[in-house]
Every structure is written in C-alpha cells, then in structure tokens.
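The chains carry the letters A, B, C and D, assigned in the order they are written, with residues numbered from 1 in each.
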Amino acid sequence: MIYDEPRFLPGGDKFIEMELGDEMSFDCNFLVHSVAALIRQAKIKGIVELVPELSTIMISYDGDQISFADVVREVGALRRSIGSLEDQELDSRLIYFPVLYVDPWTRACYDDYCAKIAKKEWDPELLVRVNNLANLQQLIRVHSGCEYWVAALGFWPGLASHMPLDPRCVLTAPKYNPPRTWTPKQAIGVGGGLCAIYPDQTPGGYQIFARTPAPIWEPTQTLPAFKQSLALFRPGDRVRFVPVDREEYDYVERKVTEGTYQHVVSDFQKFSIKRYHAWLATIDPKERF
Amino acid sequence: MISVIKPGLETSVQDWPGRIGYWEQGFPPSGPFDSWSFRLANVLVGNQPGEAGLECQFMGPTLRFERAAIIAVTGAEMNPTLDGAPLELWASHVVKAGQILALGPARKGARSYIAVAGGIDVPPVLGSRSTFHMAGIGGIEGHAIKAGQTLPVGESKSVPGRRVKPAARPTIGESRVWQIEAVRGPNDDWVDEAAHQRFVSVDWKLQARSNRTGYRLDGPEWTFTPRATNKRPEHGEHPSNVLDHGYPVGTVNLCGQTPIILVVDAPSTGGFINPYTVPSAAFWKLAQAKPNDIFKFNLVTVDQAHELRRAIDRLCTPASLE
Amino acid sequence: MIEVLKPGLETTVQDYPGRKGCFGYGFAPSGPIDHWSFRLANLLVGNPVSAAGLECQFIGPTLRFGRDAVIALTGADMGATLDGTALPLWQSLTVYTGQTLVLGAARLGARGYIAIDGGIDTEPFLGSRATYSMAGVGGLDGGALKAGQHLPLGAPRRIAGRRVRAAARPSIATDRQWTIEVVPGPNDDWIDETGQRRFLESEWKLSARSNRVGFRLEGPEWSFADKAIHKAPEHGSNPSNTIDHGYPIGAINLCGQTPIILVNDTLTLGGFINPYTVISAAFWKLGQSRPNEIYRFKAVTVREAQALRREIDALCGEASLEPT
Amino acid sequence: MIFAEPIIAPGGDRFVVVYFGDDAAIELNFLALGLKAALAEAGLKGVVDTNPCYNSLVIEYDPDALDYDDLLRELRALAAALGPVDTLELSSRLAYLPAMYLDPWTKEAIEDYCKRVKPREFDPAFVARLNGLSDVKQLVRVHSGTEHWVISVCSLPGLPLLRPLDPRCLLTSPKYDPPRLWTPPNAICTGGMSTSIHTLRVPGGYNLIGRTPVPMWQATQALPIFKDSVVLLRAADRVKFVPIDLEEYHDIEARVNEGTYAFNVTNYQRFSVGAYRA
C-alpha cells in the first residue's frame, strides 16, 4: 500500500529513512522518484544526499545545518504537495542490451558454486520451474519480452534494480542461500521480483542465467556512454534485453574492448503514467510471451 | 614523494568525509574509518582536516620519504619508527629525504593514520581521493598501496613539534570491551520487545570476517514483531527481509540472524531490515576494535547522537594542539 | 439468395462510396468506378444509394434467383436477358424465384451494374462491403464472383415499375471519344509549359493493361520543369520521381513516361508525381471507357469540379425516377 | 528544406495535398503527422481521411460539408499553430517485431528471380556492399540496431513504410529493375532509404533481407491485437526488429496460427521531437 502520510525513521545521526509505502509497484516507485525530484529541486539546506529505492527514500542530512524535525516537516510538506501523478509525463531513456541467454559463464559460476559451496538446481531451470514456464526458450522470451523500469540504483556502483513494466513478464525467484562469493561481470539475474545486471565480478544472490557484453559502469570512462558519468543508469530509465547469439556476443565484446561500442539508447520519448495505466488495463496478466 | 617499501596488510589512501554525492549511484562514502584520529593527524601537520592521508589496518607499511616532509601518526599503536628510532604518536615530526618510516602490527587498536603535510596528492575520482577498492576507484590505482608504488605529496609550509593534548585524543582501552552507542531505527518496529531488551543487555562479539564493508556480530537469536512476520510477499520470506531500501552508513543490518554493522565501504541498498544505527560519533570505536572484541550497545536519541558528534568535531581543530 | 452460374469476366460486390477513412490502414476506397450508374440502380429498386450491388466488367455474369426480387440494370449495355427475354436498362424489374439473369459482353460502355432490392448482404469489412481483390477483403470471400457461390440478400422491398428519366442518365457516346475533366495538381509545377499544353491538346489512348487499380494511357512524351530535373537526390533520378507521397484517388500518376490514372483500388502512396487529378464527376466516364478508346483532357478549377460533382449528386435522387 | 509556409495543392475535387518541404528530412514527416493529429483534434467537419507520407499529407474531404477555401484556411492555420518542429510530441507506440534475417523464404524468392528474370547478387549481400558494411551479419546488426519510425501505413493493407530513427543505421539501396514477380508475405525489405514489410504475396522492388512470422494485418481479427484494428501499425508508431532464429520463427508462427500469439507492443510513451533532435 502507498501511505497517505509517509513515515520518517531515524538511521543514526546522519540518515532518515522516508517510507512512502510498503509495496513493490510502479506507482509507489514512481511516487518515490517524484518526491526525490522535489526534494532535490527544493535544495533544502542540510540535506546532503538521497537514495530513492522501491518504496523508500534514504535521506542523508547534516545535523549541524538542519534538525531531524525540520527534515520531517519540510520533506513531509513536499510529499503533501504532490497531487495525482496520473498526468505526469517524464523524459525516459530506453537502453537496449544484447544478451546471450543460458551462457557458458553463468553456468561455470553455478558449477563452481555447486562444487565449493552448496548443491542447487541450475538457475535457468529453477526459474522455469518456479514460474511455470514450458522451457528455457520461453524463459528467454518472457525475460526479453518487456521493458524494465530502473526502480532504484545502488548497492554497487552502476547497479540498478529493474522492475518489469509488463505484468506478463514478471519472473520471481528465491535468492541464493548462502549467497555466491562471485558472479561473472555483467551477468543478468532475477531475485524476488526484480532483475539486475551485475556491474562487476561481485558476490550475489540473484538466480543468474544470461550475460550481456555491454558494460553498465566504467571507471575509465572510455566508451561514449560513460563520458558524462561512470554509471550508465539514471532513475526513470528503461531497459530492454535483446537476445543474441554467441557470435554477436563476441562481436559486441570486441567493440567494448576496443572502446568503440555504442550503447543502443532511445532518448526521445516521454513516459506517460496515464497511458501506462491505460495500456496495463488492456493487458491480460495471465498471458505469457 | 613517498616510495612504498612494504605495503602493510591493507593500507589505503583516504580523505574525509570521503566520496559524498554519489551514494545514489552506489558509491559508499569510504574515507577514514576512525575519522577522529585521521582529522587530528592532518591538523598536526597543518593540513585541512579532510586532506588525503593513509589508513593502515592491523599491520602498517614501510615507507621511504624521497623528499623532506612533516608527518604525524595517530590512532592505533603500531610502533612507528623513523630509521629505526621510535616515533611518538599524536605529534608532528620532520622527516628528512631518504628516511624510512616503518609501522608494525597494531598492539592497541586496529587502525593507524599517517598524515603528511601537503596531503597525498592523487587525482580525485568523483570528488574524493578515498580508495574504494571493491570498485577499484580512488587512491592509488583504486586499491590498497603495493610495494614499489610511489605516493605523490602536495606542497605545504608547515611546522613540526606540535602535539595533540591528551584530553583531545580518543582513548583506546585495554579491556577489549567497547561501549557502542546506537540509535533505534529505522526498522526498530520489526523486532519485538524481547529483542530490544536483548540487544542492549548481551555481549556481541566481533567476528573475524569483518572489514571496511561490514562488521559481523555474534550474539543471540533475534525475535520479531508481526510487521516482520505478516507482510506482503514481495518483501521476501524471512522476517528480516524487506523490500529493497537504502541503508544508512552505520546501520545494524540484520541478515537473517546475523547482525552486520554497515560501515564506510558498505553497499547503499539492500533487502534486509536495519533495527538500529551506530551514530557517526561511535565510528572511531568500531575502527579501533579487533576481531573477538566485545561490543555492548547503549541506546541514545538522535539528539544525543548529534551532541556526541559535535563534541568530537570540536576536538578536531588546531585548538586541540599544544 | 442468388446463385452464381457463371461469374462473368470480373464481377464484384461493391458499395458506394466504398471503404472510406482507411488510408491509415493502407486501404484504397474501392467501390463502383461509375458511381452515377451504380447509385441510380439502387434508387430504382428502392435501396439507399449506398447498398451493395454488383459491378460487372466487360462480360457480365449469369445468375439464378433464389427468391423473388426487384432488380435494376444500369451502366454498360450487356445485352441482358431474363430466361431468354431481353431486359431494358435503367428500369426496375421483377424477377421470380428460379429465373436466370444472363448478361453478355458489353456492347456499349464497359461496366454494367446490377442492383437487387434489399441489397447484397455480405459481411462488411471496415464498414464497407466493397470488394478489394488485391487484399482479399470485402465482397464475397474477398474476390470476384466464382461459379457456384451464393450471394446473400437483404430484406426485399418490392418496388418495381420505375425508370430513370432519360435526362438523368449518363450517356455513353458511340464515337469512342471521351472528354475527361481534370484539375491541375498537385504536382503540375513539375511539368513545363510545353508539357502542360501537350497534355491538354493531345489524344491519349486507354491501354488494354488497365484495371480497377490504374488506367494506363498511351500518348506523347512528357517534358519537365526545372523542379523535376534539379532536385534533392532522395527524390530519385527520373524527372517523374519524387519522395514517396500519398496519392489522391483519380490522380494522373506519371511513371517515367507512362501516365496512369489511379482509380478505386489504387495503391495509396508511391514515389511518382501526380501532375493532374481526374475529378470524381468524370469517374463514370473512366468506368464506361474501353481499351483503345481516346481521352482528351480538359482542365477545370476545383470549384468547377465540385459543381460538376454536385450536378451528378443531384441526379442521383428520387426526382430522377418516373413510373414506367 | 522545411518550407516557410507549407505548399497546399489540390488533388481533384476531393483531395488536397500539403507539402511541408522538398526533401526527405524526417522532421517533415513529424510535421505531416503533427498536422494529421491536429486535424483529428480539431474535429473539422467534412474531413474524410488523411494519408501522411515523408514530407506531405493527403487530405480527403467532402466538398458538400467543407468548402475548399475554408479547408485551405483551416489547414494553413493548423499548420502555423504546430509551431517549431521541436515542440511537437506525437503519440507513438513501440512494437517489437521478431525478425528472421537471411531467412529461407526470401532467399527462395531471390533465387527464383535469378532463374526466371535475371541473375543478381543476393539481396542482403548487395545491400551490405552498397552501404559499406563488412558482411551480412553487420547488415543484421545495423538494421536491428535502431528503432524504425513508421512514416506511413499505405499502398497495401497494413504495409508500414519505415525509416531508421538512428541516422547511423540508415541503409540505402536501389530497387529491383525489373521488379520481382512475387514476394513472400511478411518479407522485410529495404529500398531507397526505407524499410517495409510486405503484407501480401505481390510483386515488389525492395531488396529482401528477412521475414517476420507475425502478420501486419489480419482481416479475420482472430489475434487479440487486431480486435480493435485490422492493422497492426499506424503512422508515428515505432518498430524495433528483434533477430530470431528458425526455431523461434516456427514457434511464433505456430502461435500466430493458433491465435494465441501475444504481440509485444507498448503504448505508454510519447515521442518528443525536440528530444530526438537534441
């Protein structure tokens, strides 16, 4: 549910968690980003940083410049100033990622986990079973069948939580228990109802079943997509996965290594909430691609 | 310029307050863990408190100064020597070109800080020189220093022979028991009253698997309120699971039954609850604690946490020198 | 119900004005080419002018009636007989169950129209029963009639004994010469003065390779204005090439040196210029002309074209009928 | 070039054509589509239909309901009210179309042409060579690497005329001469600077590069997507081709035939011309 009145919870002396609701939904997340944008715009003295998440905003503040009570009062007023979000239209980039599904690298990682940590069902097969899909082919179709909303950034530089915008493409999965100690860089995984691209060779808990040759962050800022920022994603972005074969994967990887790969980005559209809701009403969520 | 002869266990370039403004993109603040000792080291050599210096963890480095410098060492006791002669902590010293500064294992405390007049002059990344080794950014090539590397030093005019008044220094006790302040929240309503009682009454032991990312604690089982046990399915099955949300730095993050204090290099978001948060004023204690040390938590209010922080801030100035 | 015994050369179900408002889907309007004769046929049997009837091209069909009906034949003279008895054109006639209507080859004109009271009741597609053969939609199974098919009919009206006053009928001349009105444009400025004069002063022969999509014309060479020769390369290299644009119905589309009049089943877009457009009031002449007949074109203004159309529209009303 | 004032020319007594410029700059199509939308919005009585193309808009009107001079005046006013092209925002759906490039069916059509009409280079290789691409693989990459803009749906039922929105993905090629005798339905082909998807088995002049298993229109309206419209695409929609293999092609084709195929079309965004040009 989305709360009428947000909750403000202390996180020590430097942080306040603003809880706007307790559900994972596009609407709640969109409210989060709308409030975050308002807070940034308001340039309230003493508010240092924000981490907007699925249904919460973590606010970092400087207690010498603003008190806890004043943050609550000012940010609370901003939340109340937001009426219906239905008429909102926002600039929203759409970024396409070439993806090799059921790739050898996530398989090798899985084998390593089974050998060293614990035996488990192979991730793609687990996803097929848990989501009642016919086969791996359908897993690919469903996963690549919709746009994903960049719901939150964080946890790791460049990492984003992607939420499927099409209810027909929702995949759920339990997380690894215990977590993996390593994950192939740019592996794609699903955990809970979210999807993520691993920006680097990090530990992880999502079920992994695909890999993209296109990086999502680059500290050297060589590729054109990273000229402005080390990290690719911004809130409000959308992502679409395009299945490719091994040959194409290798080709893109070569371009990345050469420093000439150009991410495929459409940055000329406005995302309309009203249209999205209208479109959702035409969708049969039980249908699968 | 300083040459690294031995790097120590994990010595990194840090600045204070670290990398601020990129948290949303997943970059933690990093910076010195015990910022009290770190800032005083800078103040001793005439730097701004935030200038880049070295954080030495558990075992310090051996460094050769290629040109004369003024330095100070603070924090944990690692028996620093200059060309073999013991070097006093909490004071500023002249180092001549060619002299060798050597730090050993930490005898008391865990993290020692070396400040050099002029600061370590590596290029800032996203506004900070702090090393965030997991992402390979900041510091020297993004990682802890390695033998054979050289550390550039900025220009400065400074004077030696200053000392931090004993009253202005953090005191590292002998007991290996730490009284750590904690503020309730943000998710204190997810654990039940019994758990709250337990949290402040039992001893929590710092596990060896702890680092600048997180401090794992051993202790009793946790118990939960209905909010944690009856919730929407997207939060996850376990009572400690919650919809992914932002993590305050210092928060006591409950992963299943394991509390992990998320510290300077911690992830910014995740899907576990945070019933308590260690305020910034207690970070120096975390930094100086060693594995198997005991933590006892004292609850403070947000206002008290602010007061404690201000008290330390007031000490990190030239007024604390003599 | 009507049973198709012989389909004729290319007999299709059409309605007026055809499939309108569907350019965005890629559909031409279809409908009867000689909509004057078509509408009068409907009026004779008491139908609204928009009811679906048959367009018979060059050779008409043989049909057996499964119910009593009132029919009317208009347009080209195809020597119609009912159970062997010759039938007059432009008149409503009663046909009884089991009788057979036979149309032969067109003796004068090219397209005969058959209206039946109640109209042909096939399934409409995008709001029209007009057949569009290329896409296989409308009419009966999307194509011209075939032997053995059955045409469903609407409720009978049984209004017989009327005819169209002679003055209200289109009159098909026997000299095989036609004057076709055109409005210059949209791309008349691509043709030079000489070419424009030549177009209006020359005789143009209707090619045998003409159908409901386009009427090809044979005549002199075209010459072009500067605009057609010096243009951005994306227009194409031939002077008649332009960047793809939409085609008005009736446009005289210049493909290289061949003008093609785009008629009811045309493609709705393409990359050739349209220097002139045949007006809707002249479409009945297109519909009734036969290969090798001669066209002369007469330029009129938009206003004049609209006035001519209103004259025909005015004739397509009850006032044009009289009792037999 | 964008004309300072659009040229409006008559097309007989029931049509006018509005030309926004004299080249194929995509902005001219945005203007044509902007005018089309503005006309629909204005609800002008007597406008029967509109048909946009690269730089023009054909308007069919009923002269009994709408006077010619009034129409011209309205069109000029509406065109002027469009303002600078950068301010336009157009409703634009995005359709993901599975595409099997270098498929066996278009190959067969090309081979048949070579045998019966005259030999020619294999179309994809021909297009790749003309556009300086290293190989057909690169052609596939370039062609599927951009969203394509639907300039118009025209000529044949449901047939979209497409051009790439990413100018780096523009492919140009001459058309067949003489034209091909037949084209497999749902063939994806390029000619001039456009791509189209043939909807019927008809002759054609564009170069064949692939085939989609999904129909662009369906008279029976059996598939759910066609419930409200017999045609899949509209002008101002966008198409992104997603390369698939033969197995996936057959799988999708089977679901199309069963009537269970779910089209992948999103309709929650507006196309911002200003953002595109920036």
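To be clear about the criterion, a contact is a pair of C-beta atoms (placed from the backbone, for glycine too) under 8 Å apart; a residue touches a chain by one contact, two chains touch by 3 or more.
Model, not experiment: these values are computed from the prediction.
Greatest centre-to-centre distance from chain D is found for B, with centres as Cα means.
Computed from the mean C-alpha positions, the centre of chain B lies at a distance of 89 Å from the centre of chain C. Centre-to-centre spacing of chain C and chain D amounts to 29 Å, using the average Cα coordinate of each chain.
Measuring from the averaged C-alpha position of chain B to that of chain D gives a distance of 61 Å. Not a single residue in chain C touches at least two other chains.
Residues of chain D in contact with at least two other chains: none.
A linear topology is adopted by the chain contact network, the touching chains following one after another without closure.
Chains touching one another form the pairs A-B, A-D, C-D. Within the complex formed with chain D, the residues of chain C that make contact are 20-27, 125-126, 134-137, 142, 182-188, 231-232, 234-236, 243-251, 267-271, 274, 277-281, 302-303, 305-306, 308-310, 313. Contacts from chain D toward chain C in the complex involve residues 9-17, 19, 22-24, 48-58, 60, 63-64, 68, 151-159, 161, 192-194, 199-200, 202, 217, 219, 229-231, 234-235. Note for the complex: chain A touches chain D at residues 89, 91-92, 94, 96, 137, 141, 144-147, 165-166, 168, 240, 242-245, 247-248, 251, 262, 264, 266-273, 275-276, 278-279, 282, 287-289.
Chain contact summary for the complex, chain D toward chain A: residues 89, 92, 94, 96, 137, 141, 144-147, 165-166, 168, 240, 242-245, 247-248, 251, 262, 264, 266-273, 275-276. Taken together, the chain A residues at the contact with chain B in this complex read 9-17, 19, 22-24, 48-58, 60, 63-64, 68, 152-159, 161, 174-175, 192-194, 199-200, 202, 219, 229-231.
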